[in-house]
Each structure stands twice: as structure tokens, then as C-alpha cells.
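You will see chain A twice below: alongside chain B first, and alongside chain C after that.
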Partner chain A sequence: MKCLKDRLISGLLLLLSLALCFFSTQKFREQHKKETLFPSEGLASREMLSSYFPGLIDTPGDTEVYIYGGQNPGGNILILGGAHPNEPAGYVTAVILIENIQVSQGKIIVIPRANNSGFTHSEPQEGNLRGYSLETPGGKRFFRFGSRLTNPIHQWPDPTLYINPSGQKLSGQESRNLNRCYPGKPKGHLTEKIAFAIMEIIKKEKIDLAIDLHEAAPEYPVVNAIVFHENSAELASYSLMELQQIGFEFRLELSPNNLRGLSHREWGDHAQVMAILLETANPSQGRLKGKSSLSLIIEGKDRNYSKAAKFGLLFVPFDSEGIPVKLRVARHLAAIKILLSSFNELNPEKRIEVNHMPSSSQVKLKGIGQFLCPPYRK
Partner chain B sequence: MSEAAIFLFMIATFALLAMVLKLPIGVSLVFSALAGSLLGGEGAALHHLVEGSFGYFDTILIIVTAMIFMKVLQESGILDTVTALLLKSFYRRKVALLLTVMALVMFPGMITGSSTTAVLSTGALVAPVLMKMGLSRVKTGALIAMGAILGMIAPPVNILVMIMGGGVDMPYVGFTFPLLIIVIPLAVSTSLWLGYKNIKIIEYNQMKEVLPESFFKNYGFRLYLPLIIVIGLLLGQSLMPGIIPDIGIPAIFLLGSFLGIFCGKPLNILKTTQKAIEESMPILCILVGVGMFIQIMTLTGARGWIVTSFLSFPPLLLYLGIATSMPLFGAVSAFGSASILGVPFILAMIDKNAILTSSALSAVAGLGDLMPPTALAGIFAAQVVGEANYFRVLRFCLMPALFELVIGMAVLLFAPLLDKLI
Partner chain C sequence: MFIVYHLIVFYLASHFIWYLFRENEFWKRVSVALVLIMFFLRLFLIK
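So, the complex of A and B:
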């Protein structure tokens, strides 16, 4: 009798588990749908990352590459967003560039979803929302909030110990972190192939300056920072002064020589490009974050971080006003604009001219949505 | 509803279900996570429950396959043969036996960073030897559990440090010496503390009486093949990456189990596997439940509230916070403790040598593998020695664990001084 009862309970729990998986499937499948982006009229061509490295064809790592300008020779710039899909300001800044800019001299290449696979899932135990909507003049646009790492459905299992292509020993899950896999491997695992393909773009397109857009938790020391390779020391310090003049405080951080596999180190070492990584403060990715909510992602408000700031635990000022995503995007845009103008001054023979790039002050004043296309545009 | 209230409600629901209604721990965790989600205004949050349950998917695979491997070793006679070999070698040498056993238990942990792997591989090999030499079942379990945790902290592979290093962009370089400073005194003292009084030096005839049957004469050297392959692959993937393929710990254990079918006494692999799954099911269920519990804690802000509260302690209390919160959070997972609490604690002590700080924190976080309800090291050590109540094993872990805590905290407190010495 007891045996029958146990079996009944086990069967019931099994049925409950199956029902749980069945009813939540839809939510997980939705994460694999890409939101549509609406490039500006300045778009010269749209390629796939696999056109630079065929090893990515038909893989979840393949992603769109948007190319602007190129008609008149000048400097070549690469801007990467979405290397970590849980850092919204990096992704949204790249989208704003795609949907607004026109390049009359030189070339700008934007990859908004650098780790495309990372956008298709969210990390267990991080309790993140699936995405967030931004209000545009023509309605709401949805953007996905993904994971820092490649989806384990696409790359699994993690090794016990990951030794990246530059020989750095890391914990196994870092093998799915794009910004630890440079310079990549053509025959490596998926994330290493993505890193390799990005290196191929840098080399084949003869990139002069490459900018990687990121965010960091407010308790992390390298935040509101410009991390630079020694190749770009002059550019970074020149830009810092300009940014301070318009009211943006940034830290300057030299890329450490002994921390390998990151964009700001390997892009510079392996392709001799001027490599820059930009960090803003994102409370929705930190370990102190409170309830997962739209307010946390978009307005950047969080009681825990306000409390932590009072105890001096953060590396950025934080109060009840939070750090909204529009301010973080504005910081990225300001830094990009000044990096480009400083690049022009330091390299007059390789000028780059960009038009219709939203200014940081406009974004701060009007919000991000004003510079995004409405969701229904053809 | 405040985050604190949600957290307390979840804990209260868990206590009610597990202790009053006597539901299994794993099931209680699932329903308390659901209750927390409802109270936190998230509805049933089904996809969050499913997502959280995958938090320990890799650990679950390791546990299942390691259990199968252990059962194959038992059923095929390999375990008895190795026990006989070790007994013949050490029956006259008490200290050498204890230190060798400690090194053997630590070894898989040192190369995989996983205490579970250590308990269920070499832990299972040494358990009968210690018991036949006079050490009680529960003390044997305690020695294996502590050895496995020390192996997890010891170099060359300390995943806890790697996780913390990943959070603060610190390369995994220069940790060997600081970790050895912590681990060696602990390994020596723990093995002697637990075993020196009880292990008996016995005569040859007495040894022959307790000697289990060796199957070496029947099957020869191939009897050791599963062990050699498993240890070789575990070692190879960390010492010779790129040369020895990293097929993952679960696949290594499965390969060892498969070889075990052909290398010793005939066994019914279906029944052996069923027995392994049956014995590991309660802990697997707990891990799934814990994953859901943490996911809802994070979703509702309870996790962030806990981390912020500990970090907000005044400087002196911060050390108390570290000494209590990291092992306690280890009840969820030692790796989770390193990631969620270890990283903010390193940043809160950023003026100190981060290598020493993270080494010390890894020793403290490692103790989480003794913390119920998961208590991975304790539960599996109890299973290995055949003890039904794992709390009896944990009781004997208390003193060595406190010593480990003291050493870890001492390294943290005296980090500026040690920094000058090393």
C-alpha cells in the first residue's frame, strides 16, 4: 500500500515537472527571436560575421555587421556592442549608431550583437527579465536582456579549466565569455570562433581604431572607465581631457599585460589596432542588485546600491535617482564622439566624418527612444 | 513587501514543509521558492523556476556519473582489491597511512576543483582501509569529507579562486604558495586529529583476518585500468590541456564505469546504475530545489538584500560577516558563495593583496560543502562509509572545519603582514 502511495506521489511530481517544463517552453523559445533593427539611410552594406570567417556559417555565433561609409577614404573604425548581452547600454548605443549615422569620409563598422548566442538565454540564478521596452515616438521597441556568456545549448560542456588562446588560466565557464577568448581560434569552440572572426574583420578591413562597448557593476573598480591598449595611450588621454571639459568623469585604465584574452589587450597585440574598451555603471548586472524590474534596467534605480553607496562600497556615485540607461548610453556616445574627434586630430591623414550621430546632451535631455526608429518602420 | 520579509517567508515556508510536514528537502525547497515568487508579486514565475533548476546541471551530471563509477568499483571487486593492496602496504605505519590517505583523497579535488569528485573516487577507495584499521565509520567519513574540501582548495586547480578572480579581473597566477600555506597545515592536522588515536598498528596475522579478497590473481593488471584511466584523464585535462582532450568529468566517470564492466568480476550494469541513481536521487532533488530557491531569491531582490546587508557591516563585523555568511551560503553551493559573496568581499578589502584575500576566502567558502541541506562533501562521505545519518559525520568535521575557518580568517586579517613575507 505504502509502495503504491509512494509511486502515486512520484508520478504526480513527475507530471508536475513535465507540465512546468511544457508551459515555460514558450518563454525560452521566444528568447531565440531576434528583434528587428532599422539601419539609417547611411548604411553602405550589411554583411554577416561569417563572410569574414566562413567557420561561423549556420552557427548561432553568426551575426550582422553594419558598414557605413567607405566611399571616401579615411580612417576605419570598428564599434562592438553586445559582447556581453546583459549590459544594455553597450547594445543600445550600437543600435542608436546603426539607426542614425551617416559617414561621409572613412568607414565605420558596427556589430551590435557581438555574442549573438548570449542574447538567446539568461543565466540561471540571476533572475533577470527577458528584456525591456523603450518608448519611441511611434511606439515601444523591445530589446532583449541576455547573458554574459554564450548559450550552453550552443557550447557545452564547459571544461574544468579553461586555458584561453592567449594561455590565460580561467574557470571553465569563462570559455563562453567572448571577452576572454581573444584572439580566438579558427578551430576552437564557438566563442573562440566568434573572437577569431572579429579579429578577421579588424585585419581584413584594416581597422585603425576599435571600440568595445561594455558595462560593469557599480561595485567593480573599473567602471566609468576608458580601458586602453598602450597603442592608444595618446588617444585615450587626449580624449579624457575633452570628456572632462564637457562634464563626463572617466577613469583611464591601461590594459594590464598579464590579463590575457580581453579585447583591449589582444586587439592591440595581435592586430596593432588602437584598442579601447568603454565601461559604464550598470546596477542590473551587479551582485547587490535588488528586485529584477524594468525600473532597475531602464531607470537604474536600486535601494541596495543606494545603501551600498552610503557605506562607500561603490566606485561610482549612486543615490535614489539611480543611473538610468539613457545616461549610460549618453556617456558611451560622448566617449565615441570624442574618441573620433581626437582620432582625427592625431591622424589628419585618416580623417573620419560622421553625420547625424545623436549627441550625449540630446540623449540625456530627450531620452533614448527619440533616436530609435519606431517599431513598424519598413 | 520588503526583500527581508520575502526571504524570511521563504525560509519559514521551507521549515514548515521540511520539518513539520516532513516533505523531502528538495520538494520543500521547490514549494518555498514558489511561495516566495507569489509573495514577491512575480506570480508563479514558471520559467524562472525551470531556469533556476538548471543552475547545478553540470554538478548533477558529475554526481550521477561519479556514483555509477563508485558502484562499479564496488561490484566489480576493484575496490576490495585496492583496499587489500593499501592494507598490506600500511598496516604497520600509522602516520604514513593517514598522510597517504589524506593525499589520496585530496588528489582528485586538487585537479578538478570538485569535492564531490574527490569523495566519490579516491574517497571510496580509502574508506574501507581506514575502517579496517580501526577508525570508526563516522570519523572515516569526516576525514574523507575534510580531505575532499582541502583538495578543492589546494593548487593547482582552485575553482573558487578562479570564480572570484573572474569577478575582479584577476588572473589565476601566483596562487600556489598562498594556497599551500593554508592547505598543508590543515591537511596534516586534520588527518592526525581524526585518525591518530583510533588507527591501530596491527600484526600481520590480524591484518590477514581483515584483509578483503583481492581479485588481482583472477584479473591481473586490467583490474586497475578503470582507475588509471579516470585518474589519468582527470590529471591530463588540467596538466596537459590541448594534449589530453577535456571530455568533461561526467564523461570521464562514464568511461571508467564502462571499462569497469570488463575489468573485474561480472556485474549487472543496469542494476548497478539503478542503485547509483537511487542513492543519489535525494541530493539531486535538493540541488534542483536549491537552484529554484536562489533564482527566486535573486528575482525578488532577497539575494541582493543579503549581500548588501553583510557588506554594510562595520569593518570589524565585516570579518564576522565573512566567517558566517560564506560557509552558510555554501549551503546553497560553495561555488555560489564564492561568486555571490566572495567577489564583493574582495572588492570591500581592495586595499589588501587580492591573491591572499581570495585564497583565504576560498578556504572559508569551501566549508560550505559541509553545510546542510546540500552538504555535498558530508552527504557523499556518509554514503561512502555506509552511514545513514550524515549529521553524525558532520559532527566530527566540526573541529577541523573550525580550524580551517580560523586559518582562513587569520590569513585575511594578517594579509598585509603576509604580503611582506611572501
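So, the complex of A and C:
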């Protein structure tokens, strides 16, 4: 009788293990689902990154490329979001552009999930949330909060020392950091292939200006910054003055010549494109942050950072109000808008005309959700 | 390699199941069940 009871308990424990495994599997698989984006009516075509470099076909690195305009000749612009999926302002800014803009002259290409693989997992040992929801007029939209690096399931193992395609020596895990792998390699590992495909877009679409949207920890010196390649120095300094006039403080950072593999360096060197990288301050990815929470991601509030600011340890002002994601998105949008208008002034023969781009003041006032489509729109 | 890896995990998982039914102490069985979850995840989930 006891034997039967023991077996029954063992059987129940086995079933419990299988049930827990089943529910974990559901949660895990959700990480690989892409959230639906709803492009505006101005969308000319939607391609996949692999159409520019077939080496990415059927890989987790393949991602959507949204193309606007192109009917009337003008400047060609590339905007990259999600190169680091743990930097929400870059990704959300790209999504807002996709869901709002119309281009009447020139062409704008937006890649919202540049490192698609990075969206399928979270940063180990950080306790980060799987994602965050933004309230839109028609309901909540969920967005993944991923990792800075490519998922190790898709690219493994890391080398002890990574020598990137430009010859820079880096720590092994940087081999999964898209913004260290430029200009990429057609036969390299997955992240190098993604970088190579983005270089292919820049070359094949004859891009004139390429903007990489990023965020950085508030204690990192290059924050609230425009990082520029020397061939876009005039554009960057011109834009800085205009941004200061509308109340946005940015610092200008020249892309270091000896720091290889980054977008602002290699895009300019290898494709002669005007390369710009924008950084805002994101407390949810810093080393000083407290518990990871929705409030930290959305409202950007953190007691540790408030304290660090009082000690003068940060490179941006930080108080109990935090730095909300809507403010960071507004900064990105303001910078893009000014960069485009400065580009038009400096290159009148390659004008770019964009309509319905939400203004930074509107985003600050109304919030991000007002400029996102409801979750049910077809 | 993929098949060899899964065969090894399957072999170890089957040993754990055998142990689960052989062991008399309740808490030891609970511990085994918890370890089994990780092995199942390896078998069915992780590529």
C-alpha cells in the first residue's frame, strides 16, 4: 500500500515537473514573437534585410526594412533603431516614425529591430522585465525589452578575444554587439552578417545620411550626445545650434578614429555616408540602477540615480522626476527633425520632405502612446 | 552533434525519472522533480 502511495506521489511530482516545463515553454516562446507594427499610409514598400544580403535568409538576424517615399528624387536617409534592444527610446522612436511619417520627396528607410536576435532574450543577471506596455488611444501596446547583445542561442560560443572586422580587439562577448561588428563580414558570424547587410543597404540604396538611435547609462560620458563622423561635422554642428535654440542640450562627440567597428565610424569610412549616432540617457541600463521595474523603463525614475546626481557622478541632470522614455523619444525625434532640416539646407539638391512626423513638444505633452496605432488596427 | 547532445540529456533525464520512482524520502523526490524541470526544458525547449 505504501509502495503504491509512493509511486502515486512520484507520478504527481513528475506531472508537476512537466506542467511547469509546459508553462515556462509558453513564456519562453513568447520571447521569439515579434510585436506587430502598423506602418503609416506613406509606406512605399516593406522589405527584409535578407533581400539586401541573402546570407541572412532564414536566420534570426533577418529583420523588416520599412521604406518611405522614393517617388520624387531627393536625399536618401537611413534610420536605425533597436541595434541595442535594451535601449527602448531608440526602438520606440523608430516605431513612431514607421507609424506616422509620409515622405513626399527623397526616401527614408527605417529599420526598427536592427538586431532582431537581441529582442529574443534578456540581459543575464539583470532581472529585467520581458517588455513594457504603452497606452495608446485604443488599448495597450506591448514592446519587448531585449538585450544589448545577440542571443547566445543564435551565436555561440563567444571567443575569448574578439577581433572585429576592422581589426579592433574587444572582449569576447562584444562579438554579439552589433555596434562593434561594422562593416561586417559576409561569411562571418550572425552579428557580423547583420552588420554587413546594413552596409549593403547603405551602399545599394545610395544613402546620404544614416542615423543610429541609441541610449546610454546616465553615468556614461557620451550621453545626450550627437556622435558624428568627420564627414558630417558641419551637419552635426549646424544641428546642435538649432537644437539648443529649441531647448535641447546635446554634446557633440567626434567619432574616435581608433575606436573601430562602430556605426558612426565604419559607415562613414566604408560607405562615405554622413554617419550620426544619437544617445539619450537611459537609467534602466545603467550600473547604478536599483530594482528593474516598469516604472524604471517608462518613467525613468530611480532613487540611486537621484542620489548619484547629487554627488555629481552623472553626465546628465537627474532628479526625483527621472528621465521618462517619452522625454528621451522626444529628444530623438527633435534631433532627427533638425538633422533632416539641416541636411536640406546643406544639400539643397538632395532635399528630403517628411510630413506627419510627430514633434518633440507634442510627444512631451501628450505622451508616446498618442502617436502609436491601437493594437487592433489592421 | 545535436542528436548526440539530446541523447545524453535524455539518458540523464530518464535516470532522474527512475530515481524519482525508486526514492522513498519525500523531499529528495521533490528535489529530483525540480532538477527534472531543467532537463525537460533542455530536451524540449532550448535549441
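What to note about this one:
Please note the rule applied: the second predicted complex is superposed on the first by the 355 of 378 C-alpha atoms of A that agree within 3 Å, B and C clash if a C-alpha of one lies under 4 Å from a C-alpha of the other, contacts with A are read in each partner's own complex, and residues count from 1 in each chain.
Convention: a contact is a pair of C-beta atoms (placed from the backbone, for glycine too) under 8 Å apart; a residue touches a chain by one contact, two chains touch by 3 or more.
Quantities reported herein were computed from a predicted structural model and do not represent experimental measurements.
In the superposition on chain A, contact is made by A:Gly127 with chain B only, not with chain C. By the touch criterion stated above, A:Phe28 is placed in contact with chain B and with chain C alike. In the overlay built on the shared chain, the residue A:Asp6 is in contact with chain C alone; chain B does not reach it.
Of the two partner chains placed by superposition, A:Ala233 touches none, neither chain B nor chain C. Contacts of A:Met48 after superposition: neither chain B nor chain C is touched. Look at A:Leu14: by the touch rule set out above, it reaches chain C but stays clear of chain B. Applying the stated contact rule after C-alpha superposition, one finds that A:Leu346 touches neither chain B nor chain C.
Residue overlap on chain A between the chain B contacts of one complex and the chain C contacts of the other covers 13, 20-21, 24, 28.
Chain A contributes residues 6-7, 9-11, 13-14, 16-18, 20-21, 24-25, 28, 153 to its touches with chain C in the complex. The part of chain C that touches chain A in the complex is made up of residues 17, 20-21, 23-24, 26, 29-30, 32-34, 36-37, 40-41, 44-47.
Of all the residues in chain A, the ones that touch chain B in their complex are 13, 20-21, 23-24, 27-28, 122, 124-127, 157-161, 163, 168-172, 174, 219-222, 256, 258-260, 286-292, 302, 304, 307-308, 311, 313.
Here chain B touches chain A in the complex through residues 3, 27, 40, 46-55, 57-58, 61, 112-113, 157, 159, 162-163, 165-166, 168-173, 237-238, 241-242, 246, 248-250, 291, 294-301, 303-305, 307-308, 311-312, 336, 339-341, 343-344, 347-348, 350, going by the rule given at the top.
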